[in-house]
Structure formats: structure tokens, C-alpha cells
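Two complexes follow with subunit A in common, the first pairing it with subunit B and the second with subunit C.
Now for the complex of A and B:
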């Protein structure tokens, strides 16, 4: 465990070096957030029926999405790992006296964590002080906030567990692009990045609720705004845990089976 | 010009060497805007309209801007990935050749897999046009054509500006994405749904509004006043590329090699 902790720490420090890149990212995300809020505002303005999620909750949802984008995006990837697999340098990784799954998991986790840590503060800070109706609001009470933090962290672990499959699939296909696109498009859609899950038609919501993707980001964000009641949120935490353990187990199994067949082609 | 087609042909052949990868990527490119469009469709299913705009009207808007975007990503990719040319010092080689830098950079890379994206927007375009009660005339068809061309020119202009910045920063700038990806995202809805200042900025500074909002009004017959003026706006919008071209020339003169 200590090894993984130090990998995590090291990678976190490396990730924190890219401050100017993060700043550019923040600007982009702000713009993005504004645009989507304005689009939804326009949709809400003349609506005849009451939408299933209020505009206020939706705005908070969008800002959280922008602040923690690194926790949602599946195509946020580590090209280094892809190169390792395709170029054969994976041999070095296999020599290390640690379990490959845990090692990579820690690495990927640190990347997302550092990127989110750099970006979320400026976005959240400004989002709170924006003029109405664009501002973000505080969660209804402290317990909701604590639940939000728990679900967000579990969501992050879950997302990394999902993204591990991306890297594992490259062992088979040798080109990351195909799986990246499929994972990216489907995963992001069902995580509510394009339209929030409550606004999807019912049949699509049903699909989204079955898939693990929405538990990574959509769920914690709605817990935050109080759109998901506390009692439901606690049940959700257990579902998240269940998914997490299941995916970790499957991922390890899959990685071990591809590693058995891995061919290192000189190089 | 013939040189340009030679570049085009060579790069096309080289990409076609990896045929499976090419098709997979194209299919992937098809699905990226497809998911965005699905989102748009579902929103309309729930809300019915957006500030008085119908679904098919917005779909037309969406198709035009995505078509322009995919074409420009295909043909102006050289400027988009220009920073790698600078970092590796390859731009020195471009400078010693007796042809214009613009043409060579433009021809340095094409991304043919964007055909998937183009196909997706073409399908949306046809679907939208079939469902809109438009009285067609030659002028309107011409306007539609100009809208797309002018969109391509504007996107190319933004790529050029971003590439020019590389002369000073060496690294590529992510901020430019606001205007390319962000601009595309924004312009897929008619501009008047946004706040005034956004609409103004994207009409007068970066003229996306002239590509798909003002001429769209003309095509849909929603104009008030002089129709010809609305029709000519895409042409005015395409003037955007001229200052970009000048800035590029200015940047080239200030180029300092990284020496690697």
C-alpha cells in the first residue's frame, strides 16, 4: 500500500507543475459553463411544463461539472501508458515488484486529482460570486455537503476503475483511438455531460441508471444541489461501492489475462 | 494551387495505408457530434422550442456550423497542429523552400477522418431541410453555400491566429479552443438565445453570427428589412480571414527557430 501511496504523491506533485495549462483550461471551462447555462436558460424561459430539475439546481450542476471535469472525462488520458503498451516498454513495468493494476491505478488517480485540484478552486470561487442567476449556491445543509464529498471521491475511484478498462483494451487492439472514442462518447453521454440525466427522456434515463457511468459524476452533483434526497444518497453510496468493487475485481482479472498473452516486440 | 493538390493527394495516400484505422476513426468522428445532436434532440423533445425556434430550424443551424467545422478541421489541420512544427524546428525547412509559408503549412497535414463528422452533419442538414417549409430560390441556395464556406474560412482564420501565437509561445495554446470548439458549440444554436454581449462579440469580433444566424433568418424568411443585406453577411464574415492572414505574415517575420 505504501508503494501506491508514494506513486500517488509523486504523480500528484508532477501534475501540479502544469499551472499555466490549468489556467488556460479554467478559461475554457468558464466559457463552456456560461454557454451551457445560457442555452438551458433559454430553454427554460418559455417552457410550458415544469422540468424535472430546477434551473437553480441545473446551474449548480453545470458549475460542478466544469470544476470537476477531470472527474468525468473519459478521454482525459495518459498517452504515456498507451505508448508503453504499443511500443513494448511494458516490459519494464512488468519488472517492477509491484502489482501493475495498483500501480497504474494510483498513477491515473493522481493525474485526475491534481488536474481537478488545480482547476476546481478558481472555478468554484468565481462561480459563487457571479451575479444572479449564474451563481452557484451552497448545499442545503452540512450533511448534504459531507455526502457530496463522499460520493464525489467514490465517483472518482469508480471513474479510474472504468478508465483502466480503456488501457487494458489497448493490449488487445494496440491502437487506443477506437476504444477511446467508444468509451468517451458513450461514457460521457451517460455520465450526463452533454445533457444532464434528469432532462433525458425516460427510456434513456433507465439505461443511464443501469450503467456505471452516471455514478461517477451525475450522482454526486445532484446530491450536492439536494436534487437527490439524503436517504437516497446513502443508498447510492452503497451502489457506488458495489460497482467499484465489481469493476476493480473485473479489471484485475482482465489485466491479468491480457498480461498472460502479452507479446513484447523487441523495440 | 497544383502544389496544394499534390500535398492533398500524397497525404491522402499515406493515410489510406492504414485503412482499418482510418475507417474506425471516421466512424468515431461520426459519433462525437452524433451524441451532441442526440442531446439537442432530447432537449427539444422535452421543451419543444427554444426562444421561439423550432427543432428543425436549430438543426439546420447545427448542421451548417458542424459542416464548416469538420471541413476546416480536415483542410486546415496543418495550422491546428502547427506547434509541433515549431517545437521540432521543422518550420526552418518550410522557410527555405521557394513557396509561400501559408500554402506549405496548410498542406503539411490533412485529417481525412473528419469525413465521418461531415457525413453526420450532412445527414442532419438534409433531414432539417426536408422538414422545413422553405420556399427555395437560387439566392437561398447560394446563401446556404456561402454560409458553409464562410464558416470554414472563419475557423481557418482562428486556427491561423492560434498558430501565429506559437511563434512567441512555442507551445500550442489551449485558449484557442474557446473560439474553435467553444465557438462551434455556441453557434449550433441561433445566436439570439444568448445574452446580448455574447451575441455581439460573436457577430462583430469573431463573426460566427454572420455565418449562421443572420443568413439563417433570410433562409427561413424571418427577416425584417433589406433581404439582400442578410444574404451578403456570410461574405462579410469571410473577410475575417484577411486580418488573420496579415497577422500570420507578421508572425512569420518574427520567427525565431528553437534550434532543435
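Now for the complex of A and C:
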């Protein structure tokens, strides 16, 4: 456990070294958040039917999405790990008395945590004090908020477990671009990051509900706004746990099998 | 301590000739050749030894190091290091070894060196007290005091390499594998690194296996050399033996008062001659050096004489030639 804590510490240190990157990130996310909200606002104004998610819930959804971008985006990657694999520096990682899966999981988790910790506060803070209708609202009650925190953290673990497959695939392909694109586009779409899942056509919703991606973003955000009822949220937590355990097991299996075949080339 | 028993390893290498046509063809069908990286390598290394592992480029030195550090799985053969099979009990085993790959880096690029050390301390679960003691020793002997608080990206190669070596020793390993630790270093850094390796070997009894192309490293450090070429073990023994067996030539440079008579001495060849200066090569198997000097002083009025052994570099070149590697 100590190892994982100190990886997190080191990551935070690195993150804090790049303050301007964090600031720039915050600015981009505000810009992006406003654009999305305005687009949806325009759609909502001219809709004839009652939309499946209210504009207020949607706006909260979008701000949460922007604030916790580092928790939910698959393209948010650790280039260092890719470099380790493609440059052969992984030789050193293999000389460490730690389980590689756990160590990398900790690294990735730490990177996302440190990045989100630096960026989420300013976004959330400002989003609360924005003029209506652009402002973010508090969750309906305390229990909902607790459920949100649990589902968000589980979602984060789930996302890291999914992203591990990205890194494992690089052992085979030696270039991260292909897997990044495929994982990134499909994963983001089915996590409801481009169109919130309630706004998708029914047949697409069905697909999204089967895949693990929505449990990382769509689910916790809708728990927050109360769009998903508390009883459903509790069931959802168990589904998240199930997915998490399954993916961890598969990931470990996959990593061990590629490691057996890995050859560090060159002198 | 370290025992390798007929280790073999071969790699499958994809091959194609140059040109667009060949490249297109390779999309559908790739030719592979099997490269024998290691062929029946066996040796034993005792605790506290410093062993120089030498051979030309592509001989299989790094492959051996990788197998011994548990990164590569050999195709055949047995390897037992401190009772572990490196690639089988990886996690248990690697606690006991330190590895430096001269061409790779283990330090975190963006943060001060000391932060990387702290992380390694936690990875290896080193007690704080012990860590402090080791760190002090490392800082002192590798002269890290001024650089330990700078980010790695700002360090020069020599400074970085000293930190890399320190990083591999944070957990006080009993065996240290050094794969080209002096590559790209200037003379001062090289000497610092050598001195340090000697110190930890003598004071802590660390067993060291080092590969290098710099024969001065070997001369300064290793009392035993293992030579491999094209994946086969060619020589395993003392450096002195190697010198005796292959370094049978010495060079004499003589200055004398102007003299035009021939200084032809049996058992020597004249490499260079002027009326006041001559360079002779002696075959010590045919004639003793002292005899040459006596004969020289009989013939000419000597002013100054220097005797040089054959440089180890030359011996190695000769060796590589002899073994056709």
C-alpha cells in the first residue's frame, strides 16, 4: 500500500509542477462546457416532446463532466507508460519487486487523481456561481451526494481498469495510436460524453447499457442530479463492482500473458 | 551465488531487403531468420567477485544480463542465482539484485532525483534508518550532493548515470548487474564510477557483473573476465592469463646517440627507425626483454628506454580476430 501512496505523492508533485497546464486545462473545460450547454439549450428550446432529461439535470451533468474530465476520459493517457513499453525502459519496471499490474494501476490512478484534484475545484466553484440557467445545482439530498461520491470513485477505478487494456495492447502493437483512437472514440461515445445517454435513440441506449463504459461517467453524474433514483443507484453500485472485478481479473490475465512473450530489444 | 547452466536463447527476426516492392511483399509474407543469441552458456560466479563480461557488439552480453535479471526467459538451460530461478520467482528474486542498463533510464524525468529515490525506497520497502545510511554513502561516494535536488531532465549524461547507479543500490542489493555503466561518460565520471564500484565491492561485498566496451573499466575493476562472441562462451578466466596467453608482445622505444649501424636483434621486429630513435616490437616467447636491452646497449649508446606492454585493447582486437567473431 505504501508504494501506491508514494506513487500518488510523486504524481501530485509532478502535476503541481505544471501549473500553467492545469490553468489552461481549466480554461478549455469552461469553454467546452459553455458551448455544450448552449447547443443543448438551443435544442431544448425548440423541442416538441418532453426530453428524457431536464435541462437543469443536463447542465449539472455537463459541468460534472468538465470538472472530472480526468476521471472519465479514456484519451487522458500516461505517455510515460507508452514510452516505457516502446523504448524498452520497461526493463527496469520488470526488475522491481512489485506486481506490475498493481503498480501500473496505481500510477494511472494517481495520474488521474492528481490531475482532477488540481482542476475540479475551480470549475465546480465557478459553475455554482454562474448566472441561471448555466449554474450547477446541489444534489437533492445528502444521501444522493454520498451515493454520487461512491459511484464516481468506483467509476474511476473502472475506467482505469478499462484503460489498462490500452497499455497492454501496446505490447503487441508497439504504437498506442490505434488503440487510443478505437478505445477513445467508442469508449467516450458509449460513456455518454458526446451525447448524454438518455438523449440517445432507444436502440443505441440498449447497447450503451450493456457496455461497461457508461458506468464510469453517465451513471455517477445522473446519480448526482437525481435522474437515477437512489434504489437504482444502489443496484448500480453492485453492477459497477461486478464489472470492476471482472475487468481487473481479465486485465491481469492479459498482462501476464503478454509479459511472458515480451522481449526487450537492443543493448 | 550465480550459476548458469547451458543457457540458450534464440530470437526470430523479421527480414526484408530494401525497396518498395520488397516492402509490399513483406505485407503478405515475411521472412524470418532465427538468430542464436546465446548458445550453451555456462559459468559460475562466487560471492564478492567482480566479473567483466565482454564481447563485441551483438555478442549476447545484454541478453545474458536480461536473463540473469529475470526479464527474459531463455529457451533452454538452467540458471540459479542465490537459489532463485530469475524468471520464475521474479518478484521474490529481484529484491536482491540491482541492475543498471546504461542505455535506459529508471529515474522520473520531471522531478528531482531525490523524489525518484524516495519512491524506490517505498517500492523496495527499505527501512528509513537504513535508507538514510545508504543514501549518505551514495551521495558521498558518487558526489551527488549538488545534483540530487535537480530534475533529471536538467542533468548531463554523466550526472544522470551516477544517479542511475545510485538508484540501483538504494535497496542494498547483494548482486549488481551493470550493462555498460560507463557508456558516454567523460574520463572524470568514468573514474568516479569505477572507484565507486570498487568501494561497494570491497566494503559491502557486493557481487558485480559488468559488461562494457571500455577495456580500461575491465582493467581497473575485474579480476576475472568472461568473453563471449556470437552467443558462445570463448574464454573464462583471469585477465592476467588472457594477457599472458595473447599479449606476448612488448614494445621498446629507445633513444640513443647518432648511430647508423643496424640494430637487428633476433626475436624482435623494427617498427620504426631513425639514426637517433628506434621502436622495436619484442616477442617475449622468443627473447627476454632484459636480453634485448643488453644487446641494444652493446650496439648503441643508449640515452633513454621505455618498455610498454601491449595495450589490452589490442589484445582484445587480436582475440576477436582469432576467434573470428
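In the analysis below, the second predicted complex is superposed on the first by the 266 of 267 C-alpha atoms of A that agree within 3 Å, B and C clash if a C-alpha of one lies under 4 Å from a C-alpha of the other, contacts with A are read in each partner's own complex, and residues count from 1 in each chain.
The rule is simple: contacts are C-beta pairs under 8 Å (C-beta built on N, C-alpha and C of every residue); 3 or more make two chains touch, one makes a residue touch a chain.
Bear in mind the structure is a predicted one, so any value in this text is a computation, not a measurement.
Asker: Both complexes share subunit A, so when I overlay them there, do subunit B and subunit C fit or clash?
Answerer: After superposition on subunit A, subunit B vs subunit C: fit, no clash.
Asker: A:142 in the overlay: touching subunit B, subunit C, both, or neither? Say first, second, both or neither.
Answerer: A:142: touches no partner chain.
Asker: With both complexes superposed on chain A, which partner does A:87 reach: first (subunit B), second (subunit C), both or neither?
Answerer: second
Asker: Please name the chain, subunit B or subunit C, that touches the greater number of residues in subunit A.
Answerer: After superposing on chain A, more of subunit A is contacted by B.
Asker: Mind computing the angle subunit B to subunit A to subunit C from the CA centres, in steps of 10 degrees?
Answerer: About 90 degrees, rounded to the nearest 10.
Asker: For A:39, is the partner it touches subunit B (first), subunit C (second), both, or none of the two (neither)?
Answerer: Only subunit B; A:39 stays clear of subunit C.
Asker: Name the contact category of A:3: first (subunit B only), second (subunit C only), both, or neither.
Answerer: Only subunit C; A:3 stays clear of subunit B.
Asker: Of the two partner chains, subunit B (first) and subunit C (second), which one does A:99 touch, if any: first, second, both, or neither?
Answerer: second
Asker: Is A:13 contacted by the first partner subunit B, the second partner subunit C, both or neither?
Answerer: Touch status of A:13: second partner only.
Asker: Which holds for A:202: it touches subunit B only (first), subunit C only (second), both, or neither?
Answerer: In the superposed model, A:202 contacts neither subunit B nor subunit C.
Asker: Would you give the minimum C-alpha distance from subunit B to subunit C, in Å, for the three-chain superposition?
Answerer: When the complexes share the chain A frame, the smallest subunit B-subunit C C-alpha distance is 9 Å.
Asker: Spell out the residues on subunit A that touch subunit B in their complex, using ranges where they run on.
Answerer: Against subunit B, the touching part of subunit A is residues 21, 24-25, 27-28, 31-32, 34-35, 38-39, 42-48, 51, 175, 177-178, 180-182, 184-186, 188-189, 194-195, 199-201, 204.
Asker: Can you name the residues of subunit B that touch subunit A in the complex?
Answerer: 21, 24-25, 28-29, 31-32, 34-36, 38-39, 42-43, 45-52, 173-175, 177-178, 181-182, 185-186, 189, 193-195, 198
Asker: For subunit A, which residues are in contact with subunit C within the complex?
Answerer: Those in contact with subunit C are residues 2-3, 5-7, 10, 13-14, 17, 80, 87-89, 91-92, 94-99, 103, 260, 262-264, 266-267.
Asker: Any idea which subunit C residues touch subunit A in the complex?
Answerer: 11, 57, 61-62, 66, 69-73, 90-92, 94-95, 97, 99, 101, 103-106, 108-111, 115-116, 118-119, 122-125, 179-180
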